[in-house]
Structures are given as structure tokens and as C-alpha cells.
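Chains here go by letter, A, B, C and D, matching the order in which they are written, and residues are numbered from 1 within each.
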Amino acid sequence: MQKLGMGQAVNQALREEMHRDPGVFIAGEGVGVSIHPGPMLPTYGLLEEFGPKRVRDTPVSEAAIAGLAVGAAEAGLRPVVEIMFNPFFTLASDMIINHAAKLRYMSGGKSTFPLVVRMKSGAGFGAGSQHSHNLEAWVAHCPGLKVVMPGTAADAKGLLKSAIRDDNPVIFIEHMGLYFAPTPVPEEEYLTPIGPAEIKRPGTDVTVVTWSSMLGVAMTAAERLAQEGVQVEIVDLRTLAPLDKKTILASVAKTGRLVVLHEANLTGGFGGEIAAVVMEEGFSHLKAPLRRVAAPDIPVPVSPPQEQFYVPNAEQLITAIKEIL
Amino acid sequence: MAISAEKKKEMLWTMILSRRFEDELMELCKIEGKIHGMMILATGQEAVGSGACAALAPEDVIITNHRSHNHLLAKGADAKALMAEIFCKATGCNKGKSGTLHLAVPEVNAPCTSTVVGAGPPIAAGQAFAQQYKREKRVTLCFFGDGAAAEGSVHEAMNLAGLWRLPLIFICENNVYAGAQRLEEHTPVADLVSRAAGYAMPGVIVDGNDALAVYEAVATAKKRALAGEGPSFIECKTYRLRGHGEADPQLYQPKDEISAWQEKCPIPRLRDTLVSEGVITAADFQAMEKQAQSMVEEAVRFAEDSPYPSPEEALEDVLV
Amino acid sequence: MQKLGMGQAVNQALREEMHRDPGVFIAGEGVGVSIHPGPMLPTYGLLEEFGPKRVRDTPVSEAAIAGLAVGAAEAGLRPVVEIMFNPFFTLASDMIINHAAKLRYMSGGKSTFPLVVRMKSGAGFGAGSQHSHNLEAWVAHCPGLKVVMPGTAADAKGLLKSAIRDDNPVIFIEHMGLYFAPTPVPEEEYLTPIGPAEIKRPGTDVTVVTWSSMLGVAMTAAERLAQEGVQVEIVDLRTLAPLDKKTILASVAKTGRLVVLHEANLTGGFGGEIAAVVMEEGFSHLKAPLRRVAAPDIPVPVSPPQEQFYVPNAEQLITAIKEIL
Amino acid sequence: MAISAEKKKEMLWTMILSRRFEDELMELCKIEGKIHGMMILATGQEAVGSGACAALAPEDVIITNHRSHNHLLAKGADAKALMAEIFCKATGCNKGKSGTLHLAVPEVNAPCTSTVVGAGPPIAAGQAFAQQYKREKRVTLCFFGDGAAAEGSVHEAMNLAGLWRLPLIFICENNVYAGAQRLEEHTPVADLVSRAAGYAMPGVIVDGNDALAVYEAVATAKKRALAGEGPSFIECKTYRLRGHGEADPQLYQPKDEISAWQEKCPIPRLRDTLVSEGVITAADFQAMEKQAQSMVEEAVRFAEDSPYPSPEEALEDVLV
């Protein structure tokens, strides 16, 4: 099987879907000509392949980029636009939250908005909190959107292809930390459905629910704990909205124990939603308190020791798991 | 520019119809519980929507804002479906999910209304982009207010449209007020068209109470757009004869200013022109008023007789 | 004691603080001259009293309004700016989230941003989802902000005065449904501290955690249930950030049962955070599953029967409580 | 306008210092693990920050952006504290919490840097508002790029500043590129100053590689601001000699364009002027270069010798 970084997997998905459907176009700041013309990056080579009509470099105008997507989607195209970094979502948020997510509803179901907003997320690049700030909890709280956060290159490819074909607005969040670590991706064409979570590692003692790059942290912790005889079951959500409650609840029914792991700040993070769902619908299975492992409630710091301190790690997860075993 | 008699009559008709439609709404608002939400009317500004839409073809797209009734009627929206929607009834054009403020009428290429001030232009840029992308021979026209011109999104859209030469017509409906703030309280310039040069697009000021002038400006802009020359900016100087919404006592609008503009009301103005040109007779005008009256009556009857949507249907139409 | 609607209480707080401190000014769309010049509304009469220097009507420019607050606060003033309705927070969100909340941190503690952003929230006015969309979960998830959502006129007054004196950025969310129902407000000057929740009704059988206008719904339900012998304890958070975990946990330790009630959409709402905190730190006290009563996951509809259906009510709360008794 | 010899020397000095400072940073970036994060340099654009800040008084405020080093050094920020901050050390001016991109130096009235493109102007409007409110005799100057001019926030701020006649100077540093996009790929106008008229403010174009011209334009704008006449817009035409950041191979910048602009480098240009005017001698220039060299060496030594902040200190400084 080919091994790709997530950026390359995204690139393949874009390329395949653009070949398949002439209504798919991409737009964003530097999606064509880039200051980082690296083959590991998501839009590499697409301008050369598809030309400037379908690969549109835009001005630095996040609201206009998102508005372009909303208008063009309603008019029958399938825009895939990029908001460069998650914190800049703020600038596009009116278009996404008040328009992409609501205009169909307010039309009484007459209009559709088949658009994808791709965003890069994640700390670890010394770029500071105006570039690194995971805000998936914002979009996952907004009816009318689907929210996808893949944790592997293979999922990224299959989910992005599904997102582009979806008739709803999809927020697709890529973790930059996954761009550069090649992992297996099937050669043949495939779609990964939006919705279902995946058990990335089966186990019996404790359920870890996670998504995006924290999947890797969970896998590391699980391997180490396995050596101590603790079998961790890892539920990779992949999709935050719609949320696959069934898989989460089935896992907790089996293990009786839940740890939620996410990179976003602890308080108000989407981990709370997982906790609430389990406490509502899986309470009788619970044998121990919840633990959440997440970033502390601070902006992402820049200084290397502090940024490292910020990002949740396997040791913290292992500690949390042991506390409730 | 020679405007056909038919077009002239169309403009007069949609102005008469929307005035009657909105006057009726104002009356209905006084009846407790009839109509839900804020009622925002375009009384006195009808020449803008009616003049502009007359210059468009059915396949051209408009994006409108909170003050939308005239724009939509002028674009050909069905009065009954609109009225039922304004009543929030199940038979409304959006099943009661939009109400008066967010009317979406894709069947006449008025696909959405945003009440977020300034949100129309970026969406309109997307529509115009799609038209260009698909090499269609149609254009998009976006209505926004003088107040909206202060929103950053409007500028982002103007820059994008200018850059990509999108087939887009920006119509700034300058009715002197943004809420209770007069133009000079929300911008330092007298003419918002002064912004057009900053995006390499032509800008013109037209008398927004003269439907024929609006028509001509839009027709010119449309020709330009279809020729691939890009967007245009048209500032229509007009006036909001009523308060911002039905509950606004207009304390901040000088009484003599209101009455001076009442004198300039666009409907008698176009009527007189058309009568003097021999395009219509005084009797034709009365007939049109009568027809508008009966259409609105019918629309109200239809709306009143229609059921509300069920509560549970609120759960539908979120996702495809 | 005087009886005031929440708008009047906010008005008194603004007036008192503007008298006390010449550095306090207010700005926003129509905070001076308004299309709704009603004495029940928050900024009524302030332009006449303090003049246009300190009561600034602004253009329709939410980013500039928020930026004005950020810059002026750093420069030593105490801005109290208004974002007219909660969904328009999107347009101000870059300034608030990426700047007001982070610039102090990135300055290493050198700068302070003593500003208040007032926003109106709440469904029930037939204005639709672009005007009604409760997004407190967004700001409560952002380190560097305090978030206040009073449920009574008295709390609104005391908390707003504290917010204006606070050296941190405070998001102050008023529910429009509370503007017109007069409730008692002390005549003498007082401050209500930001942080502590308040037990608005003591009880022994179940804890209801709520905030803002849902407090009234909770009180109604509690009164009805009292007639059936069920004693509901109502924890009114008042402040979402910082969160008063202690009061929540003490209440659940007593009752063993938790229902969270909020007007915002269920999924991803701040109710999840309450659930997680209790599941983490109060697990051993829990005798029953969690229930959340919240709006369904749809945009706020306009049609009266549907809007009514959207807003959580006392019957739903009573049902939820009975399910876990 | 007569510019004092002292001011001229100050400009030359801060240009030399910031060039040396940034050249050193470029070298340090090549050493793995020395410097964390993207390194964004103003090489070739120093006349803008140095010319502008020389025209300001210490009490005047600047708001800068991601390309801030020259602006801050020109405003008088301490090179050691900056360097240590860029190294993310505990002795940095922000305790390692800002790094190279978000330097906040309130002690020289450079209270914050935003790397959110276009975010500076609204904050600058707030600062200028406070100056006006307190009736202070000082002004705010805001640097932003040609790319930033496409952000809606910039326009909202210009409108507000024009409306309220804030003592605010907008400096658009037009270095031809926004990331990898050339000016003509992100805006349809050749001169961004064409936007000024839309906000009733004077706009001038200056040669951004001529520190003296920048100085004069800013001095004029400051006089206007202090006289209560409101904001000004200055577009400085300059060029980004390096890539956007240190890792940008500049593939999209034509080689001959780069070399043509290298010929116009603002430092030898001001040096030659000052030498020909007799303000300095060639030896003075060499002495300045030497001094800059030793200051930068000292700053690097200080930064390298300083400890990192502890991980736990990351929890501090969130709230007061």
C-alpha cells in the first residue's frame, strides 16, 4: 500500500474529485501559488494540473472566501475553500454559521449548500495562539454543519472525498502535525462515510474517545499500557457532527470506563459532549469517573517548553487511565 | 437608452404592487398576533427594486437583504406565497421557516435573503463566480444599504469582484439611514460611490426615486458584466419614508425631511411620466391599483386561511 | 425594593459606572439614538445624560466596534461595547477571541484589556436564526475571557458593575426575554462578584444547573414539582467562565441527581461541560443518569409554533427530572 | 520640510540596526533548533518603519503586524529584549510568550502586534480613540500590508477613523506581495491609496525605499491628526527582497525583479544622500554598522545565555 502524509492524502482526494466532477473548484490564500511549494502539502501541483479557473488564489479575505463558497454552492458548484488556520475561522464564521449552516433551513429545504471548508489546525509549530487554536467545538455546536477531523491519512482521503460529494456544508479540519508522517493509504478509489466512528484499537478495560492527531497519542499510550496488561479501546470519532453515539456507547458498555482525549482547551471542549452523551445514555455501564485529557485553559504558548507543555501527551493519558482503573 | 413601454409598465406595476403589499402589512402589524417578528418595509424606495429588476432577465440572480419585499415582488415572486410566508404559514414559500426577514425564492432566482447586514455581497460574489465559471450569460445583482457599506464583508466582496471581473452589480440603496443613524453619523463621505474607484469599478449615482434612471444604470451595468468587463457600483439616492421597522416611531427623522421626500414619492412620479408620455392613461393606473388591491387581498386571504406548520416540522430541512 | 426589567437594571449599572469612572464609555449600533427608544431598554437615556463623547453610536461594523474596545482598553479606557445580537458575534469574534482574549497572554502579562462586550440573546421574538442563536459555548471555551449570563435583573446589575470594574475582557450576555419582566433590584449600590454561582432555590432531590432566562423555566418547574413533593435545587451559574465547580459539585453531592437546562442547542452546548465536571469530580455521588434539557439541534425557526417548540420549557424539564428520580 | 541632521541619522541608524538584526536572524534560522516558528523579515523595506517612526514622538503609538522587527526597533524597542523574545526565552520582552510574531513592547508605545492579517487597524482605531477621548497630544500609526488591505476589518477601521476624525495614520506597506500572491493577483487596483477617498481621508503615495519621503509624509499626517483633522492614508511602495518567511524559496518572484529592487536598497540610498549632504561621513556609516554588529552580537549572546521559561509558567498571564 502507498504511504502518504495527510497533506498528500488530501491532495489525492482533491485531485480525484476534481477529475470526477468539473463543478469542484478550490479557492483560498495560496492554494495555487504558495510560499511553501512542498509536495507534502494539500494543494501542491493542483494549479498546474487544473489551471487557474479551478484553482483560485484569493485575496486575504476570509469572509469573501467563505461567501464565495456559499454563493457558488447554492448556484450548483462544489466549492472546496481553504481557511488557512483554524483561528482565522473567526473571520469566516458569519458566512459559515449564519449562512452556510442556516440558509437551507430558512429556505424551507429549497436550497442546498454543498461546500467544504478545509482548515489547518494544531499546535506544535511555534506559531502562537493566533495561528494555533483548535475550535472544533464551535462548529460541532452548530446545526446545519457536518464536522470532520480525521486522524489518519487514509481517513482524510476517504472522508474528504465523501465531504466533497455531500450536499451539506462540511467543515474539514486537518492537523498539520499529520502532514509529514506517511501512513498507509489504499491505492484503489474508496470513500469513507461521514458519520461512523472507528475503533482504531479494540480493548476491554477502558474506552478512549479521541479524534484528529490525538489518535496517535492514544495509540502510543495504549501500546505502553498493553505491556502492563491494560487493554485500551480507542474510538476515533473522525466525524464530530453527526456524532456516532452508538459506537461510543457500545464501547463504554463493554469497558465501563471512559477517557476523552482532545487537543483543544479542556473547558468547553467537545469532550464535554462525549461525557454528557455517556452519562445520559450509558450511565448504568459506568464503573468509574470520567477523565478528560486536554490542553490546559490557556492560549497556545510559543516558547518550545511551554508549547510542548500545552499539547496533551501519552504520559498524561496513561496517568488518567490509571486513575480510573 | 430607449426603454420599452412594456418595461415601463412593468416597473410601475411592481411598484404599485409592493406599495399595496407593504401598506397592507403595516395595517396587519397593528393587529395583535397576526404577524410575528419585526416588519421592515421599503415604502418610498420602490423605484430601486422595481427599476433594477426590470432591467434583469428572469435568469439573472438577485441577492437581497432585510428590506426585501419590493425586490422580490419586482423579481417576480408570487405574492401569495410571500404573504403566507410572512404570516409564517406552512404554505409560505419557505414553509414558515423564513418569515418576513429571510425570504428565499429560488424559483425566481432570488435564492436567499440575509438579514446579517453586509452579508449579501460575498454571497453574491459566489453566485456571480458560478455564472462566470459556467460561462452563463447571466448576471447577479446585490442590494445593500448605506449602513451595510460600513461592513468589511462588502469591501472584501467588491475587491474580489473587481479582481475577477465578476458579472456582479452592486446596488447601494442609500436611504439616508442605517437604523437610527443618519448617513453622516455612520460614514464621513456623502457619496458611497466614492468607494468604487478603490476596486477598479465604475460607480454612478442615480436618483433612486426615479425608476427609469435606476433601470438605465442597471441595464448599462448588466451589459458591461455580460461583456466580461466586471462589476459596477450603483448608488441609488432614496429615502426611507417609514421607520426602520414597524415599531420605530421615527423620532430621529425630521418631519419636514419626511414630507419633502413624500413629495418625491416614486410612484406618482413614474405614473405622471408614463401618462405624459402616453404610455398609460390615468384609468390604466387606477386599474393597476385595483388589481394590486385584489391581489393583496387574495394573498392575505390565502395566508390567513393557511395552517401553521406543525411544531415537529421544525426538525426538518436542517441537512439534506 | 424597586422592580426593574433586566434592561433597566443594565441601564442603572451603566449609568452608575459611567458616573463613577470617566474612563467608562459605551459604543455600538444605536446605543445612543435608537429605533426603539424605550425606557425598558439598556442604553435608554444615556446619550442625553452623558453626551456623545461617552455614548457613541457607531457604523454597522462589528469588527471595528470590537477592535475599538480592544485598542481603547489597552490604552486605559473601560469600553463597554454592544454587539446587537449574539449571532453577530461572529463578525466581532476575531477581535474578541484572537485579540481581547490573547493579547495579554502574548504580552507576557504586560497589557490589560478591561473591556465589556454586551450582547443580546435569546429566541422568542420571531426574528429567526440570524438574530437568535445562543453561542455562549463559543466564548466559554476561550481562555482569557470571562463570560456572564445573568438570569435576574438584580444579578444583571450587580454583575455588569463588576464586569466594568474587572481588568479582564468580559462577555456579558443579556436575554431579551428578561428585559420586560420587572423583578426586585436593591436600591442601594452593590456589586455581584463574577464567578460564584447562586443557589436560587434549595432542594434535596435533584440539582438543576441553569443560567440566563432558563432560570425562570427552572423555577416554574420546581414550584410545580414541589407540589408533588419533589424538592429541586436550582443552581444558577450566572457566570460560565470562570465556572463555579464547587457549588455545582456540592449540590450534586447532596441530591445525587443532575439535570442541565439551557436554551442553546443541545449538542456541543455548555451543558456538556457541566456534565463532564460532575462526572469527573462528583461521580461517586451520582445516583442516576444525567438529563440535559436544551433546544433541539436546529436553527431557531421563525414560525410561532415552531419557535415555541424550540425554546425549552417547564414541562420538558419536569419530564426529564421525573425520568431520573 | 527641513529634517534635522539628528533625525536623518536616527533613520539611517535604525535601518542599519534592523538590517543587521534580521540578517543575523536569517543565519540563526539555518541552525536547527535555534529559533522556533516562522521567521518573517523586512529586508529591503526598512525605510518604511524607520522613516515613519522617526517622525513620531516617543508617546505616539504604533500598531504593527507579522513583519514587525524593523517597526519595533525603529520605535526604540530594546534589541536584547527583542532578541531574547525571538529566542522564546524567559528574559524576552514578553517572557517567551510572544516569540518573533507577536512582540508587544508597551514601554515604547508599541503595545501589541497581531499576526492576524488586517487586525491592526481596528485596534489602532481604539488606541487613537483613547487619545482623542483623553485629549492627549499624541497619535497612533498603524502598519499594514498590501495584502491586508483586502481584509474587511481594514475598511471598517478606515470608515470609523474618517468618521470620528481619529488621530490615526494608516501606513500601507505595499511590498508587491501578499504571501505568494502579487498585487495584481489580489486586487484590481494598482494603488491602494485609491481607497482613501472612500473614507474622506487624504491619501498619498510615497517611495517606500526613501526614508526621508516616508518621514515627510508621516510628519504631515501627524500634524493633521494633532490639528483634529483626522486620519491619513500613506501608501509606501516598496519591495520584499526576501521570501515571505525564511523557508520561502521565492520561486514566484522574478529574479530580475528582485535584483532591480536590490539596486534600490534603502540603506545605501540614505547613506549616499547623507554623505553627499555632509550629514555623515563614510567613516560614520562604517562606525554605525560596527555598532549595530556589536549590539546584535550582544543581543544574541544575551538571548542564548538566557533560560527558557518553565513549562508551568505557561499557565500564567491569562487573566489579570
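Just so it is clear, a residue touches a chain if its C-beta (ideal position, glycine included) is under 8 Å from a C-beta of that chain, and two chains touch if they have at least 3 such contacts.
Quick caveat: nothing in here was measured; it's all calculated off a predicted structure.
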item: Label of the chain whose CA centroid is most distant from the centroid of chain A; value: B
item: Centre distance in Å when chain A and chain B are each reduced to the mean of their C-alpha atoms; value: 40
item: Whole-Å gap between the CA centroids of chain B and chain C; value: 36
item: Intercentroid distance (Cα basis), chain D paired with chain B, Å; value: 45
item: Centre-of-Cα separation between chain C and chain A, whole angstrom; value: 30
item: Residues of chain D touching at least two other chains; value: 96-98, 102, 114, 116, 150-153, 156, 159, 163, 185-187, 318
item: Per-residue multi-chain contacts in chain A, two or more chains; value: 58-59, 61, 63-64, 87-88, 91, 94, 98, 105-106, 128, 130, 143-144, 297-299, 301-302
item: Touch-based graph of the chains, sorted into line, ring, star, complete or other; value: complete
item: Of all residues in chain D, those that touch chain C in their complex; value: 61, 63, 92-98, 102, 104, 106, 111-112, 114, 116, 119, 121-131, 133-134, 140, 152-153, 156-157, 159-160, 163, 316-320
item: Chain D - residues contacting chain B, complex; value: 150-156, 159, 162-163, 165, 185-189, 192, 194-195, 197-201, 230
item: Chain C to chain D touching residues, read off their complex; value: 25, 53, 58-59, 61, 63-64, 66-77, 79, 94-95, 98-99, 103-112, 143-144, 146, 166-168
item: Touch list for chain A against partner chain D, complex; value: 29-30, 33-37, 57-64, 87-88, 91, 125-128, 130-131, 296-299, 301-310
item: Touching residues (chain side chain C, partner chain A) in the complex; value: 87-88, 90-91, 93-94, 97-98, 101-102, 105-106, 128-130, 133, 135, 137-138, 140-144, 241, 243, 260, 264-265, 267-276, 278-281, 283-284, 286, 288-292, 297-299, 301-302
